[in-house]
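What follows are several structures.
Here chain A shows up in two complexes: once beside chain B, once beside chain C.
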Partner chain A sequence: MNFIALKMLIGDRAKYLGIVMGLTFASLLITQQSAIFLGLMTRTFGFLTDTTLPDIWVMDPKVQYIDDLKPLKETEVLRVRGVEGVAWAVPMYKGLLKARLPNGTFQTCNVVGLDDETLIGGPPQMLQGKLSDLRRSDAIIVDSFSVRDKLARVMPDGRREPLKIGDTMELNDHRAVVVGICKVTRTFQSQPVIYTTYSRATVFAPRERKLMTFVLVNAKPGQDSHVLCQRIQQGTGLAAYTRDEFKKLTVRYFMKYTGIPINFGVTVVLGFIVGIAIAGQTFHNFTLDNLRYFGTLKAMGATDWTLLRMILLQAAMVGSIGYGIGVGAASVFGTLSGNTELSFRFPWQLLAVSATAVTLICAASAALSMWKVIRLEPAIVFKS
Partner chain B sequence: MNNIAVRCKGVVKTYGSGDTQVRALRGIDLEVKTGELMMLVGPSGSGKTTLISIIAGVLERDEGECLVFGHDFKNMNHREQALFRGQNIGFVFQMFNLIPTLSAAENIAAPLLINGLKRRDALERAREVLSRVGMGDRTRSLPSELSGGQQQRVAIARAIVHNPKFIVCDEPTSALDHETGHKVMELLHDVVVGVDRALVVVTHDSRIFEFAHRIARMDDGHIISISDSQNFRLNENFN
Partner chain C sequence: MIRKYLLPLLAVFGLGFAVLTVVSGSKTIPPAMPFVDPTSPPFVSSVAGTGIVEANTENIAIGTLVPGVISEIYVSVGDKVKSGDMLFRLDDRDLKAQLAVRQAALRVTNTNVKVAKASLSDLENQLALAERITDRRAISVEELDRRRFAVQIARAKLAQAKADIVSAKAQVNETAINLDRILVRAPVDGEVLQLKIHPGEYAPAGITQTPLVLLGNVEPLNVRVDVDENDAWRVRPGAPAVAFLRGNREISTDLEFVRFEPYVIPKKSLTGDSIERVDTRVLQVIYSIKQAGLPVFAGQQMDVYIEAIDNTQNNG
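Showing the complex of A and B:
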C-alpha cells in the first residue's frame, strides 16, 4: 500500500509542492534564524574562545559579561599571585579606544593590552608578523577582518586599501605602528581588535586611577580550577571564573538583558506556525480531496491501521523532503555568508532541533488527516 | 442453505434522531443465491443504497439479521470486517472511484495489495484481469485518459481481481450511454456471475433489467416485490 500512498501524494502536484514548500520554508526559517542566533551568542564570548592559555579570569565582582569593563587596581595582580595554588598571574588591559583613520574619521577599537613580559592572552593565530614584534616601539597587531574593512585606507578614488605591516595610525592621539596581522574570532560588536602590550595600552588609554581589566591566572599542576576560583574570591574579594564559567556568565547576560533571544525566538516560532498553517492546511485539504478514495480503499478491505500508515508515510515523505531542502538551503546560506559580518553557527544539534520541529509540524498535519480518515464511514463510497 | 450467498431478515436502518429521523429500511427480508444476479430497483430514497451498504458491511444495521455466506458483520470487530470485505466482496461504483493518480493496472491491483500480495505479483495479476475485460493495451493509462465505459471496465476488473464471492454494484451504468452500459452489463454478466459467486446491482436503468435473474423492487424502505426479470418487465409493461 506504500506505493499507492506515495502515488496519491505525488500525483497531486500542486498540493504536493505546496506542502513541501511550506515545510521547506518552516525548516529554513527555523534552522537559519537559530543558526544566526547561535552565531551571535558564540560571538559574545569570541574573545574568550581566542584566549585559551589562562585557566581562570579574575575581575571586578560587578562584571556581568566580557565587555562589561570595570577596572581594577594594578596591585590586585600581586594579591592574586599570593593565593595558594596559583602558578602564574598576569595583568590584561581591555578597553575601547578611538582610532583616527588617515581620512580623518574615527573608529572605536577593542584594544587588548598583554603582559609585557610574557605576552599571555595574545591572538590565537598570527597571519603576518610575530607576536614578539609587539615589543617594538609603538607596536600594535590588528585583526585581519579590520585591516580590509573598518581600518582600511580609503583612497581618493574611493578604493579601500588594506592596512599593511609598517603602516601607522593614531590611537587616542598616540602614534601606533602595525607590526602584525592576526586572525581572531569575530566579536559581538564586530569592532576592530588591536593587540599591544599592557604598558603601551595604558599609555594609549585615557588616564584613570585604575586601568587593569582582568588578571589572567593559571593554576599549579594538579590544582582544581574551581577550588582555586573560590580561594581567589575568598582571598581577594574579586570575582574569579574559569573560562567556561565566564562564557556562561556572558551568554546568560545577553539572554537575560537583551532582546536578542526574544527577537529570534519570535521568528523561529513564526516559522513553526507558518509551517503548521501552510503545510498542515494543505495536507488536510489533500486528505479531504482524497477522502472518497480512502473510503474506497476502506470499503475494499483496508484497515484503519493501513490507512493511518499511508497517511504517516505521506507525512514522512513530505517532511523529509521539506526538511532536507530547508536545512540544505540554510547550510548554503551559512556557507555563502561565511566571510561576511553575518554570524552563523550550525552545530549538529541544530539539525536535530529543526528535525524535531518539522516532525511536530508533520505529526500535527497528519493527526488532523488521520482523525478524518478514522472517522470516515466506508459507506461514503456509495454517495454520488 | 449452501447456495445462499446473502440472507437478510427484518433489517431495519434509521438515520438521524428526533424530528429529523429517517427510517431508510423498515424490515427487509431478502435472499440472494450464489450464481445469481439480483437487481434492486426503486425510486430515489427507497433504501436501495442503504441495503447494499449493509449487505456489503460498510454500514451497520440497527435491527434484524444479515448474513453474507453465513457470516454476520455484527459479530466481527472493525478489523475483522475489513479483512472479510477485502477477501470476499468486490465493489463497482456509480462514479467508478478509480484513484486518479494510479494507472489502470495499479487501480486494479489495489484489492490485492490490501490483501497483502506483493506489488509485482499484484500488478501482474491486474494486467491479466485487464486483458480479460478487453483492455490489455491500457495498463498504463490514467483514469483521466479513459472513456466512461473504459473506466467502468477497469472498475469491474478491480472488483473481480481478488476473486471475491460476492459483488455489489451501485448504478454501474448510470454514467454511461446506452450502448456502453449494455456492454458493461454484458461484461459483468460474463465475467462476474458464476456458480460460486453472487452479484447485487442497484440501478434505475430499466434498459439493463434483462441481465437480472431476479429483480427486487423497493419503495419507502420496504421490498414490495421480487420477481424474475421477464415477469418484472411484463408487470411493468416494459415489453
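Showing the complex of A and C:
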C-alpha cells in the first residue's frame, strides 16, 4: 500500500514537483527570514556576546539597552567592589567618538575603554597583535571589518588600503596608534569598534563630569549571580544585570521601539500563508486527481484507515523533502552571506520552528484531502 | 531511477547542511582572559578604595622664602637628609656685596666713635682749663659757657656714634640673616622624592605647580585611601585593611590604621588634565604600610580593601 502511495505521488511529476516547490519555498522563506531576524536581534547585543568574562554588568538604573550610554561616577566602581560577594569589579568606558580619517572625513566609532590594569572586557579574538599591546602609549585595537571598510584609507587612485598595525589615526583630536586587529561580533549599528584602555578613553572622550559607562563584576565562587545583582542594587542604588538579563533587556528594547519584529513577522507569516496556499492547494488537487484510484482501492476493500495512512505518507514525504531542501537552501544562503553585512543566525530552535511550520502546512493540506477520501463513495470509480 | 531519488537525496543533503550550519553557528565565544588577575576583597564585607602611597610626614613641597636664581644644590634625588641639612642655595652675590658694604659701614661707625671720643676729650680738656682759671677777667662767662656746651655736644655726638654702631651691627646682622634665608634647609628627616630644580633656574617664592623639592620620610610609607562619601559611614576607625599592588595581585600587605583625614574633600580624577573633574567627595583614611621591603614607591596607586559593616543589612 505504501508503495502504491509513493508511486501515485511520484507518478504525477508536475504535481509532485509543484507540491515540493511550494513547501520548499515556504520552508526557505520562514527559515531564512527568521534567521535574518534572529541575526539582527543577536547583533543588538553583539558586544555582550563578545564580552563573556564578567558575570554581571552594573550601570545606571535608567539604561534601556546596551548602546544607551548613561555614565556613572568613577567612585561607583569602589562602591561595587565593597559589596559582599563581589570577587572583582572593574570599570569600562563605552562611548561614541569621532575618528578623523586621513582623507578628511569623519567616522563615528564605538570606543571601548578597558580597565588599565587587568584589561578585562577585551575582544574575544585577536587576529594581529596582542591585547597587552594596549599598554603602549596611544595604543588602540581596531576590529577587522572596519579595518578594511569604514576605517580603510582611500588612496588617490580610489583603492582602499586597509588599516595596518602601526598606522595612526585621530580620535577626537588625539593621536591613536593601531597596535592590534581583533575579530568582533558585528553590532546592530555596525560602527567600527575600537578598544583602548580606560584612562586613555577618558582622554579621548570629550570633557564630561561622568565617564564610566559600566562596572563589570564577577561573583565570588559559589555566589548566585541573581542574589548578587539584588545586593548590588540594594547597596549602591545602581542597576545590575547578569549577561543574559542585559541581553534580554536590549532585545526587548529593540522589539518594543523598532519596527523590526513586525516587519519580519509579516514576512514569516506570508511565507506560511504562501506555503499553505501553494502546497495545500496543489496537494488537494493531486488528491482530487487521484480520487478514482482511492475509490478503486476502497472498492477493493481497503479500509479508510489504510487510505488515510497513504495520504499521510504522501504528505510526510513531500513535507520532509520540501523541508529538507528549504532549510538546506536557507543554510546555503546564510553561508554565502556569511562575509557580507547581512546578519544570519541559525540556532537549532529555528530548525524546529521551521519543521513545525512545514508540518502544520502538510497537516492542513492532508486534512483537506483526507476529508475528501473518507467521504468518497467507491462507486465513483464507475462514474464517467 | 536517479530522477526518482533526486529530490529525496537533495532533501537529505539540505537537512544535513542545515544541521551542520546550526552546529557550526552555535559555538560559544571563549572569554577574553584578563591580562592580569583583578584583585578580590580579602574580607567578607569591605569598603574598597583607591590608595596613593605617600611619605609618613606627607609629601612636603619645599618652597623658598625669597625668589631668586638657584646657584647651588647640595642634594640629589633619593638622598636621605637629616632635619637642618642644606638643600639648595639661591644666588647670594648681591647679599654678600651688601654685607661687605654694611661691614665697612660698621667699621666707619667704629672709627666715628673713636673720633667722637677724642673730640670729647679735647673739649673736656679745654673746659677744664677754662674752669681752673679763677681770674674772671681772663675768660668771659660767655666763653666758659661756650666750652661747656661744646663738651655737651661732643658727648651727645659720642652717644650718637655709639648708637650708629648698634644700627650698623643690626644692618650687618640683617644681611647675614638674609644670606641664611636664601639657604633652604630640610625641615624634617627624610628622603628627597623629587628634585625639579637645577642651578641657574629661577625659583619663585610661594606655591609652585611642581614643587621645587619634594621631601618626605618614607620609612614607613603611608597610604592615603579615598573612600566614597556614600560608603564613609561603613568605615570604623582602626579597621583592618589590605592593600594590593596594581599589576600583581600576589603582592599585598596588611595596613595599620593611622587616622582619618577629618575634612572630606572633592575627589580628584587622575586623568592628568590640568582642570580636575570633581566627581564626588571622598573621605581620606590614612594607613601605614607595616611590611618592609615591599616594591612600592611614594606616589604609586594601590587597591585597598577596608573591612567594614555590611551595607545591605543596615541600609534599610
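Criterion: the second predicted complex is superposed on the first by the 384 of 384 C-alpha atoms of A that agree within 3 Å, B and C clash if a C-alpha of one lies under 4 Å from a C-alpha of the other, contacts with A are read in each partner's own complex, and residues count from 1 in each chain.
Just so we're on the same page, a residue touches a chain if its C-beta (ideal position, glycine included) is under 8 Å from a C-beta of that chain, and two chains touch if they have at least 3 such contacts.
Since this is a predicted model, take the numbers as computed values, not measurements.
Overlay on chain A: chain B and chain C fit together in the combined arrangement.
Looking at the shared chain after the overlay, A:T202 reaches chain C, while chain B stays out of its contact range. With both structures placed on the common chain, the touch criterion links A:I10 to chain B and to chain C. Contacts of A:D115 after superposition on the shared chain: chain C is touched, whereas chain B is not. When the two complexes are overlaid on their common chain A, residue A:I321 makes contact with chain C while staying clear of chain B.
In the superposed pair of complexes, A:V332 makes contact with chain C only, with no contact to chain B. With chain A used for the fit, chain A forms the apex of an angle whose arms reach the C-alpha centres of chain B and chain C; rounded to a multiple of 10, it measures 170°.
The partner that reaches more residues of chain A, of the two candidates chain B and chain C, is C. In the superposition on chain A, A:T168 contacts neither chain B nor chain C.
Once the two complexes are overlaid on the shared chain, A:L297 sits against chain B while remaining clear of chain C. Once you line the two complexes up on chain A, you'll see the smallest CA to CA distance from chain B to chain C is 13 Å. According to the touch criterion, the shared surface of chain A, contacted by chain B in one complex and chain C in the other, consists of residues 10. The touching residues of chain C, counted against chain A in their complex, run 4, 7-8, 10-22, 25-26, 28-41, 44-50, 226-228, 230-231, 234, 246-247, 267, 269-273, 275, 277-280, 282, 305, 308, 310-312, 315.
Interface residues of chain A facing chain C in the complex, by the touch rule stated above, are 10, 20, 31, 49-53, 73-79, 81-84, 86-90, 115, 117-125, 131-132, 185, 199, 202-203, 207-210, 218, 220, 231, 234-236, 320-332, 334-335, 345-348, 350-351. Taken in their complex, chain B has these residues touching chain A: 49, 52-53, 56, 58-59, 78-79, 82-87, 89, 91, 93-95, 97, 99-102, 106, 110-111, 113-115, 119, 170-171. Within the complex formed with chain B, the residues of chain A that make contact are 1, 3-4, 7-8, 10-12, 290, 292-293, 296-306, 377-379, 381-382, 384.
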